[in-house]
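Following this line, the structures themselves.
Shared between the two complexes below is subunit A, which has subunit B as its partner in the first and subunit C in the second.
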Partner chain A sequence: MKMKTLAAMALAGSMAAGTAMADLVIPDLSYRTGPYAAGGTPFSDGYQDYFALLNARDGGIGGEAVRVIECETAYNTERGVECYEATKGEGALIYQPLSTGITYQLIPRATADNIPLHTMGYGRTSAANGEVFNWVFNYPANYWDAASVAVNYLLDENGGSLDGKTIALVYHNSAYGKEPIRTLEELSAMHGFTLTQLAVDHPGQEQKSQWLQIRRERPDYVLMWGWGVMNQVAVQEAANIGFPMENFIGNWWAGAEHDVTPAGMAANGYKSLNMNPVIDYPVLAEIQSLVHDAGNAAGDGSHLGSVLYVRGMYAAMLAAEAIAKAQEIHGVANVTPAMVRDGMEALEITNARMTELGMEGIGPEFAVTCQNHGGAGQGLVQQWNASSGVWEPLTGFISPDASVIAPLVAEDSAAFAAESGITPGCL
Partner chain B sequence: MLYREAGDFKTSYQADSQTFPIAFDRWRYWAVLVIAFCVVPFFVNAYWANAILVPFLIYAIAAIGLNILTGYCGQVSLGTGGFMAVGAYACYKLMTSFPDVSIVIHIILAGGITAAVGATFGLPSLRIKGFYLAVATLAAQFFLVWMFNKVAWFYNYSASGQITAPERFVAGVAVTGPNTAPWAQYMICLVFLTVCALIARNLTRGTIGRSWMAIRDMDIAAEIIGVNPLKAKLTAFAVSSFFIGISGALFFAVYLGAVEVGEAFGIQKSFLVLFMIIIGGLGSLFGSFAGAAFLVLLPVALKVIGVDVLGWPTDLVAHLQLVIVGGLIMFFLIKEPHGLAQLWRLAKEKLRLWPFPY
Partner chain C sequence: MSADFLYGIEVVINGLMAGVLYALVALGFVLIFKASGIFNFAQGVMALFAALTLVGIMEGQVPFAHLINAVFGTNIHHFGWQVPAILAIFMTVLVMIAFAWAVQHFVFRHLVGQEPIILFMATIGLAYFLEGVGDLMWGSSIRTLALGLPQGGSLWVEEMTSGLGGDDFYGFFIDKLDMVATLVALVLVAGLVAFAQYTKQGRAMRAVADDHQAALSVGISLSYIWVLVWSLAGIVALVAGIMWGAKSGVQFSLSLIALKALPVLMLGGFTSIPGAIVGGMIIGVGEKLFEYTIGAPYLGGATENWFAYMLALVFLVFRPQGLFGERIIERV
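Showing the complex of A and B:
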């Protein structure tokens, strides 16, 4: 005990040494180790490189330099909490943990500390109701949107009816994987398809029995809510049982290059959702010349232009736009977390602005309001072409079925509000 | 010079059999308690509470629990994570079903429920030992995690399968939920740890503890001299699970506030607590504290040194951390199989003889 106190004091001394400077602090809760590193690394590289580009090209946002603090979570909630506590004292403006588990930890903490949380396409779906979740944003889309987009795409494929079809959901057995079930159950009752649920336990390397069941039951379609090593294993297993790849659709966290390349040509035709089509954005060339060629690339610099790199960059762009908006609203350059929240709530992303930023078509147009923190909810379907090694967009942005999702969001957020004693309202 | 029995006269049987026979140890013990209760709460901030002190206190309770079973009674268990999950889910169900009852009672009841579950899973220990028992407890680990994932009643049918601790108060101060002050989090864990450690210390010194140790050292001989193996083993499982259940309840309600069973109480948690008692020292309460402190502090210390001081990339530090923790475990197993507690014991022996060792 005594030894511990001494060690603790020594630690306190070293912590105090790294004091904060007056600039815009963005923590990056990344994971470059563990079974989910394959997805965490490119996302974090894209996130950091975009801020490095802003610093190099524009001198930051509104003249204030951006300082990114990276903290390794290994997709582990305890370490996520440690990272949050370690970075929030530095003046963190916005958190993007890229983990549904850590998001659930941070929602009450960030709300109590008045720091905005942006969980783009993951986290708690009902946070789309901004009257209950004042500090949490999940634009441009969430899991329930993804489920609905996937079903809408299948409806389109089948001439508007899924009656009598069977759809199997292969999901990561965690909060992340369970999120879409409620929506899919609702949709299955509405459209008359049968839903089979197949859970895959963390980290997802063991999927033999699930795919044997798929082989036995022969569902018409397989949807997958996977992440990390689980995706690669699932694509390989699907190839092993000869499941037709074009009927296998992953969500937007199960559709990156590293998920399909291990299976080689067998992965050809695998489909996934995406919220950011991968095309040759002009901004990537700028990052190459101003950040990578200057030797400031995050990580090893090998992920430039990959699906998750682009998504990380997209997340950084949305954060930077929200900060710029906050600077505009409050008229100060050195904004506080509360001002950034106001900026996020007033955020409007238009095609003209995306083109101006060199990211034409990276996402749908949307405007955030106090009532709707969830954005447009659109996603597109892409297909893997194994011979050329690219994800080819098959569709434009597909809208989810708001008539199904809105009541579910209202119901779940009302339950949360009752549980935690929140009176819904705008700040 | 200060550290010796000489001159410290014991005039009653009670004084003769006290926990700390040396006056210096007694003073040190009280000093630690005074610092922990009266000084630390005034200085603790959110980072210290959430990253270091609260996890240390909670893991210390879990390590004491496992140490009773494995260190004192010799029954190897790999089910710690599962039993912590029982404590957490029992606490959650009690908190949401009886919101008007004090959280302290809920945590103790959660410990009681875990004790019952632990004793049930301890039944096979009457027939099997060693590795075979370890595998049986491993089955408990997987079964319990699977059950909390599968049966929606345990997480009140929430869409994500997560359980979230509602806000609860002790004497008007929030101890769970997002608005908890760091000192309140720290104090409730400290009180539970102190009481648990006192109970454990007194149990291991008494009849029950001696029967556990007899079973550990040679179960056949113990049975011949009249120790009832059924009673000894099942009480060890029950008491051990009681402490582990309390630590699981605190881990969920006070420390994390929201957990997901597979991620928070997976097999890694069982191994982590087992490493704590192996590094700390089997069959020693001090070892439980030392092991918990070591494995909670080491990653944080390595991170602070690697990332904040030396400025290395975070992934390099995270990988180095795995290498260093693994290396240290091997080092301890080879160089000091009895753990940090044995180093402490040796240091005390040397101090007694100082400055004239022989």
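Showing the complex of A and C:
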């Protein structure tokens, strides 16, 4: 009797395992703890809630249920790599590392394991060259695009000329923070503005020296490449020295609600780039009714519709669309990571499709190719309205200067190919 | 006077005030080390926990709400009331005293007589435990500390001093919050020194710090003194959490402010309350002045973190016990 029970349990277990293995497995390398949790939590909530919506509304993607495996990285590179190693054996289809440091570590591993990485608006910029980085995708935009979009916005604000202007870059003193420097130097030479670089050491709680320097030198504009506590302190310090907030522009990782609320009304007018405008998307109501009200929210539900929640949801949508594309290309529902890579490389996001998904205007239209894994590279400028507590989109999507970005991508990816022994080409 | 010179003075003034903020964190380390010989790795997390608790109480947040909702399927977050700041501060102090008692009762009471490294390891465990409990109790969102503390540069100082230089000098910038922090730190140090010198408990605390065995032999309760010291360190952590939290919002990176206190301790000594303040000021002025004169113009900036440690190391080489630390005398 005992043996029969054990055998039955083993059979049930193997069937359950079989079922689980048939799911579309999406790891979520989240960070809900530690100093950067305030940024990681809403992104992860949005990422997971969208897949929960697909399961609840559509039965998954192409009839296959999605199984999200969450792994806590605490925004720590070593833990991120551990999460990757711990989850890849589950049949992981696509990774969103959510950290430039983790991305750099995973590029060689994921390439060797034939698992695609999607580094949306972060990571290694030159991964936009798909002929070198076959398994890495950074659509819809990257850091160099962001730098160019910011400068293009300022050009527009100044009648097409920045000649004689001074722009200070306040940046996190890390690989992430240094990413835009090369691009801004090129743009500085091209447009005749003076670029001042001000590094802020991790974590960025003490920035008095940098803001005293800004007060002394009085640049026309300040751009910021910050993350975590650096953003909140910078906004407060800018207000303290009376720097005009409308001339202070953060990148898209320095433009969430929690970056500005600690400074209160003093943050009013601060601007930032964004890749996903915050508006009332119809899909949010669906998530509310089918996921949150059903008690299946990834978090406590408080972040629904915030900047980083919407970005996480947008990332999940792009992953889901790539999986659907892979299913269409290969004619099977239960796709492999290699098939998903094919789907990512053939991905085409149109306004009609975004509207159909209840996300009209969440991002620019773009099509991915083997040569271009970076998408359209567009971003918009938003401004914080402290009275209403809302990020208001100021512009439509602005294109970067491809004549500057493309040669930089080609140069950097060629150097990577040479040092890694990669022969560029399409798969 | 030239603008460069005047801006140099401005950097010194701001360095002094930044140093006071560092010293606020260092004070908690000093109190515990002085009385028990324990290097409290959890001091930064205590500042975070105290600030989180203060904001949570003020906002009427239900502690452990996320956990309660997950277990019981409820949807509670707030009690529906707001607590006045003064009352919330008082309640937070009570929480920190309860925490001090728990630390003594459940951890250090069982580690009496152990090697210092064991006690240090226990505080590492305590730090991670407290960070996790703080997350479970209050969540990981960034909260605004609505205590009404003044923010921004003092226009009065700016206007009064703008005439000292030419057109390229805009007057001294002094942050009003830093001025408040300096005042609070001075009151805190004066209070702690007075407590240690003139109260029975303070004298008992000093006796324990001088010699545990001798203090025990005259009937001083080691357990009571340790609870007292951890409570004081908790109150100092609350003050540090308020001042730093007012700059950045109350968030989990507050625990990292301990990194700014370490060079202060190395320089000022682990056992001197005034040493923490003076050490903080030297570190603050040193790192800011170095950044202004050498770091930013010639080294690409962001020199403050490593320069603070280098400055402390230089002092250590010549005076290992720190500027105000007790002289180390080893007799064979």
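The rule we apply is simple: the second predicted complex is superposed on the first by the 407 of 427 C-alpha atoms of A that agree within 3 Å, B and C clash if a C-alpha of one lies under 4 Å from a C-alpha of the other, contacts with A are read in each partner's own complex, and residues count from 1 in each chain.
Operating definition for what follows: contacts are C-beta pairs under 8 Å (C-beta built on N, C-alpha and C of every residue); 3 or more make two chains touch, one makes a residue touch a chain.
Note that the structure is predicted; figures quoted are calculated from it, not measured.
Chemist: Tell me which partner A:A38 touches in the superposition: subunit B (first), subunit C (second), both or neither.
Modeler: It touches subunit C, and subunit B stays clear.
Chemist: Looking at the overlay, what does A:G242 touch: subunit B (first), subunit C (second), both, or neither?
Modeler: It touches subunit C, and subunit B stays clear.
Chemist: In the superposed arrangement, which partner chain does A:P262 touch: subunit B (first), subunit C (second), both, or neither?
Modeler: A:P262 contacts subunit C only, not subunit B.
Chemist: Per the contact definition in the header, classify A:T100: touching subunit B only (first), subunit C only (second), both, or neither.
Modeler: First partner only.
Chemist: Could you say whether A:G89 touches subunit B, subunit C, both of them, or neither, answering first, second, both or neither?
Modeler: First partner only.
Chemist: Looking at the overlay, does A:L198 come into contact with subunit B only (first), subunit C only (second), both, or neither?
Modeler: In the superposition, A:L198 touches subunit C alone.
Chemist: Looking at the overlay, does A:Q210 come into contact with subunit B only (first), subunit C only (second), both, or neither?
Modeler: Only subunit C is touched by A:Q210; subunit B is not.
Chemist: Pick one for A:V233: touches subunit B only (first), subunit C only (second), both, or neither.
Modeler: Second partner only, subunit C.
Chemist: Pick one for A:I181: touches subunit B only (first), subunit C only (second), both, or neither.
Modeler: The first partner, subunit B, only.
Chemist: Subunit A residues in contact: does subunit B have more, or subunit C?
Modeler: Of subunit B and subunit C, B contacts more residues of subunit A.
Chemist: Both subunit B and subunit C touch subunit A; at which residues?
Modeler: Shared contact residues on subunit A: 32-33, 37, 41, 173, 199, 201.
Chemist: What residues on subunit B touch subunit A, complex-wise?
Modeler: Touch list, subunit B to subunit A: 28, 32, 35-36, 46-48, 50-52, 55-56, 149, 159-162, 164, 166-167, 177-179, 256-260, 262-264, 266, 289, 293, 297, 299-301, 303-305, 307-309, 313-315, 317-319, 322.
Chemist: Which part of subunit A faces subunit C closely enough to touch in the complex?
Modeler: Within the complex, subunit A touches subunit C at residues 32-38, 41, 173, 197-201, 203, 205-206, 208-210, 212-213, 215-216, 228-229, 232-233, 236, 239-242, 258, 261-264, 266, 295, 300, 302.
Chemist: Touching residues of subunit C toward subunit A in the complex: what are they?
Modeler: Going by the criterion above, the answer is residues 3, 7, 10-11, 14, 18, 65-66, 69, 73, 77, 131-132, 135, 139-145, 151-153, 170, 173, 175, 244, 247-249, 251-253, 255-257, 260, 288, 291-292, 295-296, 300-302, 304-305.
Chemist: Sort out for me which residues of subunit A touch subunit B in the complex.
Modeler: Within the complex, subunit A contacts subunit B at residues 1-5, 7-8, 11-12, 14-15, 17-18, 30, 32-33, 37, 41, 70-72, 74, 76-79, 81-82, 85-86, 88-89, 100-101, 104-105, 107-109, 111-112, 124-125, 173-175, 178-179, 181-182, 199, 201-202, 299, 412, 419-421.
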